[in-house]
Amino acid sequence: MRTITYAQAINEAMSEEMRKDENIVFMGEDIGVYGGAFGVSRGMFEEFGDDRVKDTPISELVITGCAAGAAMTGLRPIVEIMFSDFITLAMEQLANQAAKNRFQFGGQAAVPMVLRTPGGSGTGAAEQHSQSLEAWVCHVPGLKVVIPSTPYDAKGLLKASMLDNNPVVFIEQKLLYRSKGEVPEVEDDYIIPLGKADIKREGKDVTIVTYGRMVQRSLEVAEKFASEGVDIEVIDVRTLVPLDKECLIESAKKTGKVLVVHEACQTGGYGGELASTIVDSDAFFYLDAPVKRLGGLDVPIPYNPNLEALVVPTEEKITAAVRELL
Amino acid sequence: MGLPKETHEELYTKMVQCREFEEKAAKLFIQGKVHGTAHFCIGEEATGIGVSSALEVEDYILQTHRGHNQGIGKNMDINRMMAEFLGKETGYCKGKGGCMHIADFSVGSLGANGVVGGGLPIATGAAFSQKYKKSDNITVCYFGDGASNEGAFHESLNLAAAWKLPVLFVCTNNLYGMSTSVKKSMAISDISVRASGYGMKGIALDGNDVVNIYEETKKAKKYVQKNGPMLMVLNTYRWMGHSKSDAQLYRSKEEVNEWKEKCPIKRHREFLIESGMFTAEQIKAIDKSAKQDIENAVAYAEASPEPKIEDIFDDVYAD
Amino acid sequence: MRTITYAQAINEAMSEEMRKDENIVFMGEDIGVYGGAFGVSRGMFEEFGDDRVKDTPISELVITGCAAGAAMTGLRPIVEIMFSDFITLAMEQLANQAAKNRFQFGGQAAVPMVLRTPGGSGTGAAEQHSQSLEAWVCHVPGLKVVIPSTPYDAKGLLKASMLDNNPVVFIEQKLLYRSKGEVPEVEDDYIIPLGKADIKREGKDVTIVTYGRMVQRSLEVAEKFASEGVDIEVIDVRTLVPLDKECLIESAKKTGKVLVVHEACQTGGYGGELASTIVDSDAFFYLDAPVKRLGGLDVPIPYNPNLEALVVPTEEKITAAVRELL
Amino acid sequence: MGLPKETHEELYTKMVQCREFEEKAAKLFIQGKVHGTAHFCIGEEATGIGVSSALEVEDYILQTHRGHNQGIGKNMDINRMMAEFLGKETGYCKGKGGCMHIADFSVGSLGANGVVGGGLPIATGAAFSQKYKKSDNITVCYFGDGASNEGAFHESLNLAAAWKLPVLFVCTNNLYGMSTSVKKSMAISDISVRASGYGMKGIALDGNDVVNIYEETKKAKKYVQKNGPMLMVLNTYRWMGHSKSDAQLYRSKEEVNEWKEKCPIKRHREFLIESGMFTAEQIKAIDKSAKQDIENAVAYAEASPEPKIEDIFDDVYAD
């Protein structure tokens, strides 16, 4: 095992697959010499050249559609949208075209593309650069949705996304780009199949269902509770669509107490899906307490760093929510 | 140096087939045999048929919601088009798409689009593939005057120009986007001037002259292969309402009638006869056989099975 | 009381308020002489002229932003997006600008606008003209979201939306446009405050929480169950944001059995929010059965009318879901 | 017929204030006093200051992410700008927006925008209000070369032209959108040609000549009041990196240095002295006082309270 960053893991996944498959092309704003707004693609332009690593104009709609069109005609594009807030500009091509073209053309098309984009707050970039909009794309049949929480997962899941024959929205976590973690040696190629949640910590008293940046935070809370003798299971959903319902349901049956945590604002967030999936299953009969949700406050992400930190679930808030369940 | 006789015949036949197809489709609507909507291109046949017929099977097209002519020009199967219109399993989209989504990847049609301007970004991607694979083929992207006001138009033409992608952008200017006259939706009258904002060549043609459109498309293809994208505006007119239900209060009967005089089919028919290339009888035979093709298509479609609800999850995702 | 259609009710709400307030302007594609794709605005162009009823180019992004900009500078625009599927093209201006401008400018702006748009399937218009995308807008703090199910509600809620000082997304139901219902005489001006659910049928055995087109369908199911002696309460949420949580929770406490129904595809739908709201409240302790959700199938809306009818909740499916709860 | 002396002084003072503001802001970053990002317009001061200074308070502006000059030109309060930059409650947005969102409705600034091209549609709406209310004022919409490739640009210019809205579209062409040269992002070199696609007048100016920009804006305002929208492209250059962290591998030091020679402040300063309007001492005094203004602003901002989490729900919704 080696220790690399989350950004590096993503870079490796792309670069390694691009070496193997000439049909993979990569396009986005400032992904070339600049290396991407968060430096994720550094070195790729130098390695693959401007035929395959393409800086685009600032035109989110067309670059998403360009990827879809290229995917429908034999390539396997990766497109980067610099901040996930700007998928607002690309939703037409993503939801109406990429997601539906296979179905509405009666199976004639396949649209094997990955749309990578960073989500989340914490960088002081305020309202229009900090959103967590995964709920939108999870609500579009035809799309798959992935949010990795560690370098290991990021690499393995991105490879699976690139090998998938469907449009996959791969939402990265800005605040994790520099976080480090273990991944196998380069020779030990691996993928992590889409649709499998990961139990990041086993426990028997309470289940926390979460994903992305909140995984680490939940694990930290779990460790603190361990010293009190409360044993928390932390499930990292990883693939939001398709969802590993079984894993959630089994854990809920085991612990009888569930807390769903995500950074996205709570109302209309994917937490509703996660909680409801558990409640509308036989796990219901094992529940000892209401299934709690803890999302971000229903406000835009503010600029001031103190406010910014407090509008999303903090360790304190997670801890308090767990206590309510006990 | 005119076109070979077979080409003239092909263009004429396809235009008549298209007209018959849509007139029949309109009747099926009235008979209540179709649920949904359709957009007819009657009066505009020369545009899609002139352009698509000038392409090879490996060239791609992106069709619009008003694209039967575009598809027939590209040699789509009329039976399967009709079956799709009737929502049957044998239709191009297995009955799931309807005529706003007919597609035939085997002849290079990457699909019609229900979203105004929706095909433009996709076209850049198809052309990107062609360029990336060093193919000599091009992508033709159809869209309307109304679509040229969408952001997708701008971003697509700009990207294609910046990357020198082999796309021929074909704007069917029928003077209206639904009820909205181009006079109200834009402050220009010649849409081809928009090309200059992208450093692109733009031309405007009589959209009812199928022969000229065909020939100009051949030339445009060569130009695009060598220089990158180009914008071709075809000025024409839609005879029917926008879709099923349209009282057409936004335009005068006189205007419609004036354009009916300029019928592209009549024009080509007269040319074929007057030039001595075909006799009136030969033309009649073509007309008759086209009519029969459509009857056959309806029979095929009507005899076809309905899609089954058990198959509904097919094709949401690829394996 | 008079009997008018849902479309007429919407027309009346707009026209009456426009007569009272010169600052209301109305813009959208083909809303003028054409009267709108569904005929909702017929006669308005003739009455108010092209200064106030404005046909726009086909440019969803700018017409939404134009309304927001006009709202920020003293007008009270209504904008119509012809099909809700095309808010995909307007999400940037809606979610990043209209919804956030008040907050991100520290309260300097108000954005009193209404975005009206028809949602739902059933017209044979297929994948790109039939979606129910309310979940997206419900997940954007700063927006309010309304979906009326009757002419009475449509008129009263649209007036409230027009009088609100915030951007309101008002989602109409295509298939209800021609449905009829009673509304007060023209002289009896009324509004229905946003944020209040409506119990469309009282019952004590099971609660169905729903909105839009599914309200009538749920009521029909309820009537059938009544003959079996099962007494179903049908709650019409009406205002999705802000949500009348109290009403849902009280009903759940009363019946102990809850079914959430909506047309939008189930995964990621607003049903998750509704179900979770109940489960994460003290109503949990009154529940006798899992909170069930019944949304549309997770597929794009197909063209063929039989398929189209079967991918959304039918009376049969609602009935079966209720039975599971009994 | 030159400008009055006070105008020259105003333009010069504002440019120096802007430069000082940003140089100070950059230092605060380095000192770790600011969380977040900022985009500096050093080298481009003449654009926003020249244009905004030519407007009246009732004219609206829509600012960009790189818009300190645009705001200072419109007489925004430097103290509150700095306080917002530091995220304080006394800031323009109560610390909730940061410098990507500074706005001052009291002087006609409808806000800076974090979304490239995000202000363009809003500008059409503001101008719509002005026209609807038969006001004589106009809206100025700032955006960059990069933004001119967004669909929002196209739709906004087209709508404004179709409806003859009183908007002056001002494109600050600093040759790059982040790292991407205009040579790569578009196939044209003169962005003002895009105006013709909308039937609109377009002009391109030296973006470092504050006096000419001011004068041309005055003229443009008259034109816009009478004829509807116009596009004005200001060609200039950004000296600093795109934002905080930018290694600037996409351009050469030489290119940057060439442009530094064309400093708009130096140019105006030399003009003021050489024309005899001001002495070198007077200029120094202005420089000093501008520096002091910024020091004061920092002091004001630093002394201001942090916003409170209890107030977080304020302003999500209006009553």
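When the chains are written out, they are named A, B, C and D in that same order, and each has its own residue count from 1.
Note that a contact is a pair of C-beta atoms (placed from the backbone, for glycine too) under 8 Å apart; a residue touches a chain by one contact, two chains touch by 3 or more.
Note that the structure is predicted; figures quoted are calculated from it, not measured.
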Per Cα centroids, the chain farthest from chain C: D
Chain A-chain D separation of Cα centroids, rounded to whole Å: 36
Centroid spacing, where centroids are CA-atom means, of chain A and chain B in whole angstrom: 40
Intercentroid distance (Cα basis), chain C paired with chain A, Å: 30
Sequence positions of chain B contacting 2 or more other chains: 93, 95-97, 101, 113-115, 118, 149-152, 155, 158, 162, 184-186, 316
Residues of chain C engaged with two or more neighbouring chains: 56-57, 59, 61-62, 85-86, 89, 92, 96, 103-104, 126-128, 141-142, 298-300, 302
Touch-based graph of the chains, sorted into line, ring, star, complete or other: complete
Chain B partner contacts - residues on chain A that touch it in the complex: 25, 51, 54, 56-57, 59, 61-75, 77, 92-93, 96-97, 101-112, 141-142, 144, 165-166
Chain A to chain D touching residues, read off their complex: 29-30, 32-34, 37, 55-62, 85-86, 89, 123-129, 297-300, 302-308, 310-311
Residue ranges of chain D in contact with chain C within the complex: 60, 91-97, 101, 103-105, 110-111, 113-115, 118, 120-130, 132-133, 151-152, 155-156, 158-159, 162-163, 314-319
Partner chain A, residues of chain D touching it in the complex: 34-37, 84, 87-88, 93, 95-98, 100-101, 113-118, 146-147, 149-151, 177-180, 184-186, 246, 249-250, 306-307, 309, 312-313, 316
Complex contact set, residues of chain C against chain A: 61, 85-86, 88-89, 91-92, 94-96, 99-100, 103-104, 126-128, 133, 135-136, 138-142, 241, 243, 260, 264-265, 267-276, 279-282, 284-285, 287, 289-293, 298-300, 302
